[in-house]
Structure formats: structure tokens, C-alpha cells
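Please see the structure below; I have some questions.
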């Protein structure tokens, strides 16, 4: 096992099993992610990467096993409770709020940190108004950080895919997470956009936020990850630094079976 | 008159419930055919039933066509109405959201109902039973011959549709549209045509339901909405999109109503069926035979 | 900007959506009927009748040379619309009196309007609540009604049952206002007539089949069944009764069965069924010396000639209502208060549904003799002996 | 960003304020304020439903039940227990809230057509209760004798007085809802509408939000029901049937689902169409009504509030 016992672990997954009817999507997964690192999860299609994300973020409840985050057991909890504990995410299919502007999307991310009392909001109390001004500024700063400040007032659905993915990351950061789960942030992007995304992910790490990353682009993976976990058919087949993974015969086997070459 | 035993009473409730349930089931099947191809809940489905009954009365009683010929003409005319509904009210909608489509089908049902009122007036019409009105007695249980026609037509429709969707190229093409319209388009299926066909088919089935119902319950212009609600309930109870679910849902609602009226307060009989429906939905959010994962991603 | 224009547009629509102004006439009489909606079986013949009567009077030179204008509104069996129409008739159309509504509930709903604006209302609905104020124990001052109360129909049925030796009965009612009112009276009067109601079953106005309710009744073996409904269900229930082999249990229908069309629709199942009917349903059966013979025959003739459809007993209520108003106009002219006073003291008015004798204590003016018990025989009505 | 637009509100407010005064002077529309009372009552309901459907994306085909709960609370408690009408309005709202939470909690987990059917079923069941519990409700014939409203001896006994009462309540509901939409709560609702998965990943408690909005719309419907009962002095079950729930949805579709203005415009338009204008078509009324509705869905998918925008677009081309 490539876990590092001397560093504190933000996320600990033990004996995780996820079965859909007769189909086992994940089998006995163990995973420990150290604080402040970038951990990539890779594997061929259908390996169970997105299922793992859905388990961590509470969209699914595991059949067996536990997920512990920052000292709390989060397996089986509702997504919004998990978000409140400090996990944020993006989606493979980009789930933006297309009925809102770019900055509003980010402002939704501040939901956990503001008062949303139904009656205070409906009465339009001054406290709510000053709070709006504050979170608007906060959102603007985040947009500046991800590089979308000039698009703040565009509608989210008017952005090109690359910027949509960046916006989704920006929105995920707005919750002040300890851990962000990025589901294929570079998929479908061109080379420049991919580089931007990779730079952004590193910048997130530099802010002290732990990153869990599912990605197919090996160049990105190898460049930015601290640790890589390889899944295949719902099982963990390898774990280690990019260098260790690059030479791992099991990994090569898994990928060649899927006829994709490892860089 | 001989008195009736408790067992005969129970069977009588069941026979009646199954008959009424078979009508609901046919309406529910109509909902499913259109839903499967288009994801539209066609709330004008009940109007097809009403039209089927009234046109049959017109052809058979007023014009004097023989039963079979009147039956065929009525089915054809209602089918045509179904196709017109698609072409005039559904297809022209440029931004189809689920809400818009619900309103569109409600609007269409109002137009159909109003037109029927202008043509036939407000009085109810009768149709001679298909094979007489001499009831059959079976161990104290009375069965009207028309009951058998209703249940028989449900069986025929169910078997016919199963064969159609599994054995014919056209049927398979329609099923493909239901699964994935984009992919269907790619392999050269004319999706527009399939949508039209689905409206035609479900109109035809609605018409059959109406024609078999009329000799039992008479028919008037204002009957569609109630049948649509019952049929919609049946389709949901069984699980939207599932034909076996529709049959099960329809028969269940019919049975609960009949048993409820028989054993409990008859004024609340409609409520019993709906309470069961709600309880089922709370336990199984996509009906008895539905697939939750599918419905999860369809939103308004 | 967009919303501003929308608002302006709406404002324009509201202000300029004028309704067509009626032509001027000397006597304006209002009418509110449920021409469409759940009670169109009442409102449709009522509207046709009232219109026909007014046209006839105008053709014959009007009232003392002045024409009547009948302003008819359709309440669609909706109390909100009924209320709006009532206020519009009174304050805008400035009618001298209003006839209708067709339905008891709606009549009760608009009583306050007529009491407040001091305008006579001659309702065409049956419930005693229309002419009986529970707080004062007296009739509402401005409100009259022409139909026999349901209690009279029930009394006619129970009287007949007593003479036949029937005391164990089942009642079947439809779950709308018509059925509920009948059910209320059937239950209320049962004790006085020593009727034992062993089953109290209901069905919906759109139900396809009442076999379940009848099967339950069959198990309880009553001597007679009373059914209270209108529309297709009263026919379906008869067929179910016959098919279930329940003909030895005598079947009584309410006066809502009063159209030959229903006998026809029942396709033979109505044979032997009793029902209490007003004179206008059975004009041709009445003896020549019957006081209502003349008016009922004349109404039947002109209605069937004008509209080419069989007469419905409900139309007769509108005939009585409009003729009462016309009678008052002839006598006292177009003053609302005078019309009211005239109607309250009117005696011996020969109508379609009886001979009316109004008084300050009785704003209906009918007795149970207004109903004749009729039985279906050889596919037609016959007076029951 | 959504900002409160002051101009249309000003126009609207002045219109509402002056309308009875103008109507009084034009004999042809003298009775229009009476219609506007009902239009206002409908507005109250559609404002809540617009929030629920247009913003939170949850369909309800059962809101007539809450309308009825308010009306019967007022009707029964005033006539049989002689309670103060204002207290009855409060009790009705509390009852509607309780029912909304109990029914909403399991129902709002359902999606799309399943939610539509569940709310439809709920509405029918409640209506059957109104019809069957005749001892309390008067049964299908309804109950009369419901007192009017008065406050400190000032009685809302004329059409114009009631008109202002109703529209003041509508204005309160309207401003509350507009502010709500522009607040974090409104943003959260729109987020739920766009993507439940993303909204919950942002920490929004989806089921709670839906239930709160459902309950809020139920309260508005209940207050509307009470106002209706005290104005009509009479209620019967058919006023609160499924057909009316569907009419509410039609009002919203007519006006436009995605703004609260749509609810207001749609309700007023619907009231006038159904109480007044369509009558001119006589027995063709029902067909014309259906055709109008059909035209709106085809040519004005954003409802009537989308019309000026469309015209402007045409002109610019």
C-alpha cells in the first residue's frame, strides 16, 4: 500500500463496495487521500471512477464499507450535508445553472455561508442586502482567480465548453471546500484550454485545498498529480506516484486491453 | 329473487372491477404509447375514448352501418383525429417543455370536447351491446356479455402491441425512438413519422376502449376528462412506459374502486384507489414496474 | 421595458374589452342558467323554454304593448360565475327580476346578493333552503322558487311505498348537488314514513358501472330501491339492476328521470320503474278536466315544435318562473318591490308543475299533489294506481 | 443580475389604484372591479404556484385543495363556531401549511409526471372529503351564510372596498415573492430547477427547499380561499376541484411561467376571458377557449409577458 501513515488523511475510504442489482461497480476499495495533495483516479471506461465520486459526494449510498472525511463518517449522508462538511465537486457532464449568469452560478456556491431564511429573504431585510453585496464581491474575486471575471454577467449557457468547465470549478471553490472532486475537467477541451485547466488545478492545490481528480488526459495526470490510484472493473489495481504508475505492468495491461496507450 | 352469498358478492365485485379496470388499462396503454416515443403525457387521451364511442354510435345507430363496418370507420376517424392532434397542436410547438406540452394537450382536449358538444349536444347516447344484453350467470355471479368484450379487447390490444413492438420493423423502429431519438435519427428512422404513428396508434386504442364501453355506460361529450385522469393514474401506478404496468395499474384501480364501493363507503370509492396510488408512489417513486433511474433525469 | 408594455397591454385589454351593449327595451328580465357544465341537463331546457316563452309573448304584442328583453347568462354550474352574473344583471343590466339559477347550491349562493340589492329572484332549483332562512325560520324576502321541493318528491315516493307495503329500502344517490339533496330528504323523512334504510350507497356522475353498489344492496335484500340521479348514470343503474336479476326489488327513480328519452336509453330496463313526475311530463296522460291540462299540452306542443326534441321536466320550472314574472309585470309593471309583493301574494297560478299558492310563509306555493306517481309500462309512462 | 424594476411596478400599482374609479365612470365596464376581485384572488394563488413551478420547477396539479382548505376553514369555523374571520384565515393557513408539509415531504421526492399525478390525486382526495363530509361542509350543495370581513368596525361590504382589500394582500404577496426571488433563497430555487445534482453539491437542502416553497404556495392559496369564502358568503366543493387546479396551471402558462409578472398577467387575463369575453362566443365558447390556449402554447411559449419582447424582436429585424 502506498499510503503515507505520517501525514494526516483528509479522506479515508475503507472496504467500499457498491453494487447495482447484480452488477458490482466497486469492489473493496481502500483509499486514503492526504491533505493538500492532488490525487488522480484513473482507469478505463466503466472502471467505477464516477461511481466513486458519487459515493464520496453522497449521490449514492455504498452497499458496504465506510467513507470518513475530516473525522466524520460521510457514507450514506445526503449530498448537501457532505457539502457542508467541506467536499465540493464538478460533474462529468457539466451541471451548470444555465438559467443564471456566470457570477450568479458562483454566488450559489456561497449558499452554505450565508443566511437563507425564507422570511428574512422575502421581507428584503437590510442584513440580506448587505450580505448580497458581500457574496457578490467574494464571487467576483473567485471569478478573477479562475479567469472569468470579464464574463461575470454573461449567461452561463452562452459560454464555450472550456469556460463552462472552468466556471464549474470556480463554483465548486465558492463553497470554501477542504476537498474538491473534479470529474474529467479536461475532457473535450483543446490544448490551450487543457493547459489553463491544469494550471488552475495546481493553483487550487497551492491554496491548500485537496484535489481528487478523475481524468483521461494522461499528460495532465502525470504533470499535476501527487498520487495516482488506478481502477479497473471496480477494483483498485495500482496506486502510487506518477513515476511508479507509469511503469506498472498491471496498469499497462489494463489500458492496452482498452487499446489506449499510456504516455 | 334468491339472495346472494358473500362469496358470489366478492366475485361480482371482482368481475365488475376487472371490466372497468380494463377500460382504464386501455387508456393507460394509450398514454404509454405516446409517452414512450415522445415523453409527452397526452391528456387528450380520454377524448379519444369519448370520440370512439360517439362516432361508433353515429355510424351504427344514426347512419345504420353494420356493426363491424361502423367499428372500423370509427377507429379510422379517431385515428385521424389523433394524427391531426399531433400535426396541429403538438408538432408546431417550437420550444417543447413538459409544461407547455401538458397545456397543449389540455387545450387540444378542450377543443375536441367542445367540438363533440357542438356535434352531438349534451345528451348521452346508447349503443347496442355487441352480442346482446342477456346476462350470463355463473354460480351467482352475473356477467354481461359486453364485459367479456371489454376484457377480450384488452387482451387483444395487449397481445397485438407486444407483437407489434417486438416482431415488426415498424414497431422496433418506434421502440428505438423511445430509447434514444438521436440514435434513431442517425440510423435513418424518421422520428417525426414515428411520433405521428404513436398518436395514431394510441388514438385507435382509445377509440376501441370507447366503443366497448358505450354499451355499458352510455357515452356523452363530457366523459373524456374523467377517463383521462383514471388512465393517467393507472399508467403512473403501473410505471410510465411499461405496458404490463399499464394493464396491472388499470385493473388494480378498477378492482379497488369496485371492492371499495362494495365493502366500504361507496362515496369514497375514488379516494381509495388514489390513496393506494399515493402509497405505492411513496414506496416506489416510479410505479410498480417503472424504472426510477430513468425518471430521475427527466425534469420540467 | 418588456414588463411595462405587458402591463400596458393588459390594461388596454381590460378597459377596452367591452361587452356588447344590449338594445334598449322596456322590461328587462334576467336569467341565469347552467347551460353548460355539470348541470346542463337542467340549464339547457330551461334556457330554451324561457327564451321561447319570451319570444312568444313579444310576438303576441308584449305586455300591455311593451316588449320584454330576456338577458340570459350561463353560469356553467360555477358559483363564482353565478355570483358575478347576478350582480351584473342587477346593477348593470338593471333588470326588474331574475329567474334561475338551475342548481340549488348556486341559488343559495346568490341569495345574499338579491337580499342586499332588493331584487326579486325566482329560482328554478329545488332545495327548500332557497326559500327558507334557517336564522329567521321564514322565507328569504326577495327569493322565490318554482320547482317542487325534493321533500315533496320523497313524500310522494314514500306514500306510494306505504300503500305497496314497502318498509325496507335501499337508497342510491349520485355524488353531486342533485343526488345529495335527494339523499338528505330521503334520510330525513324516512322515520316519519317508517322506512328502514338498509343501504345508503353513492356513485359518481361519470361512473361507468354501479354493479358493485347494487350487488351490495342485493345482499341486504331490501323491498325497494330509490335512485336519485340525472344524466347517463340513472340509465346505467337501471340496466345493472335488471342484469343482476334484481327486478323483484321495486325500483323508484327521482323526478329527474322525467324524460321519455331515458326510457328509450334504458333499452327495456326501465319497465316497471316508478317515478314521481310533475304534470308537464305527462300532459297527454292527464284527464281532460285536470286544471293543468291546457297549459301543459300547450307547452309540450310548442317546445317540441320549436326545438324538435323531447320535453324535459326541468324546462317546465323555467316556464313557471318566467310566466310568474310576466304575470307580475302585467299586473304591477316594472317596479322591483311591487313585483316582489305581487308574487308573494299570488294565488292559483296554474303552472307546468302545479297550481301555485304563494304566501309570506311559503315562497314555493306547491304541495305534494304537484307530483303524480308514474310507472313505466310498455315503454311509456302510465299513471300508477 | 435580477434587480427590482420599479417602473412596471409603478404602472401596475397606479393601474390597480385607479381602476375602480375609471370603471365607475364607464357604464360598459362598471362591473369590472367585481371581476378584478376574483382575478386578485387567483393572482394570490398563481404567485405562489409560479414560485413553485416556474422557479423551483415543481409541478402541482392539486393546489385547488389548499384553496379549499382555506375556504372551508373560514366557512366552517365562522358559521359553526362563530370564530373571528381573521382568526379563521390564520387557522386555515396553519392547516394548509401542515397539510402541505405532510403531503409535500413524500410527494416532492417524486419527479415529473409522477409528481403531477401525486398532486392530482391529493387534490381529488381532498375534494372528495369536502363533498362527503356534509355535516361539516354542507356536501355537494355547499354552505352559505359565511360572514363578510370587517376590521375595527370598518366593513368590507362593497365591491370596491373588497377590491382594495384583495389587491393589498396581492401586493404584499407579490413584493414578498419578488424579493424572495432576488435573494439567496430565490437563487437556490432556480439552482434546484436547473440541476438538482449541482444544487445539492453546493450544499442546498433540496427536499427542505421544495417543501418550504410548497408550503408557502399553500399558504397563499389558503388565504385566497378564505378571501373567496368571505366575499362570496358561500362555498361548494366544485369550486375547489381538479379542474380548478388545472385552470391555475393554465393561468400561469397564459401569462408566462418564468416570471411572477406572468402569474399576475395570466390570472387577470384568465379571469376576464372566462368571466366575460369568451361568453360572446355563445356555445362556441369552449372551443374558442381551447383554441386560444393552443395558440398561446404554439406562438407564445413564454406566455403573454413574452409578447412585447417578441414584437420588439420583429420590429428590430
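Odds and ends about this structure:
To keep things simple, chains are lettered A, B, C and D as they appear, and every chain counts its residues starting from 1.
Here is the rule we use: a contact is a pair of C-beta atoms (placed from the backbone, for glycine too) under 8 Å apart; a residue touches a chain by one contact, two chains touch by 3 or more.
Everything quoted here is computed from the prediction, not taken from an experiment.
In this assembly, C is the chain whose CA centroid lies farthest from the centroid of chain A. Comparing the chain pairs A-D and C-D, the larger number of C-beta pairs in contact belongs to C-D.
In terms of their C-alpha centroids, the spacing between chain A and chain D amounts to 42 Å. Separating the CA-averaged centres of chain A and chain C is a span of 72 Å. One simple way to say how far apart two chains are is to compare their mean CA positions; for chain B and chain D this gives 32 Å. Residue numbers of chain C whose C-beta contacts span two or more other chains: 36, 175. Among the residues of chain D, those touching two or more other chains are numbered 131-132, 193, 283, 285-286. Under the contact definition stated at the top, not a single residue of chain A touches 2 or more other chains.
Pairs of chains meeting the touch criterion are A-D, B-C, B-D, C-D. Those residues of chain A that touch chain D in the complex are listed here as 57-59, 78-80, 83-84, 88-89, 91, 95-101, 103-104, 107-112, 114-118, 121-124, 128, 131-132, 135, 153, 171-172, 174-175.
In the complex of the two chains, the chain D residues touching chain A come out as 1, 175-177, 179-180, 183-188, 190-191, 193-195, 197-206, 212, 216. Partner chain D is touched in their complex by these residues of chain B: 35, 41, 88-89, 92-95, 97-100, 102-104, 106-115, 117-118, 225, 229, 232-233, 236, 240, 265, 267-268, 270-271, 274-275, 277-278, 281-282, 285-287, 295-296, 298-300. Of all residues in chain C, only 1-11, 13-15, 17-21, 35-36, 38, 73-74, 77-81, 83-84, 87-88, 91-92, 104-105, 108-112, 127, 129, 134-135, 175-177, 179-181, 184 touch chain D in the complex they form. For chain D in complex with chain C, the residues that touch the partner chain are 5, 7-8, 11-12, 15, 19, 22, 26-32, 34-35, 38, 131-132, 134, 139-142, 144-145, 159, 228, 232-236, 238-239, 259, 261, 265, 268-269, 272, 274-277, 279-280, 283, 285-286, 304-309, 312.
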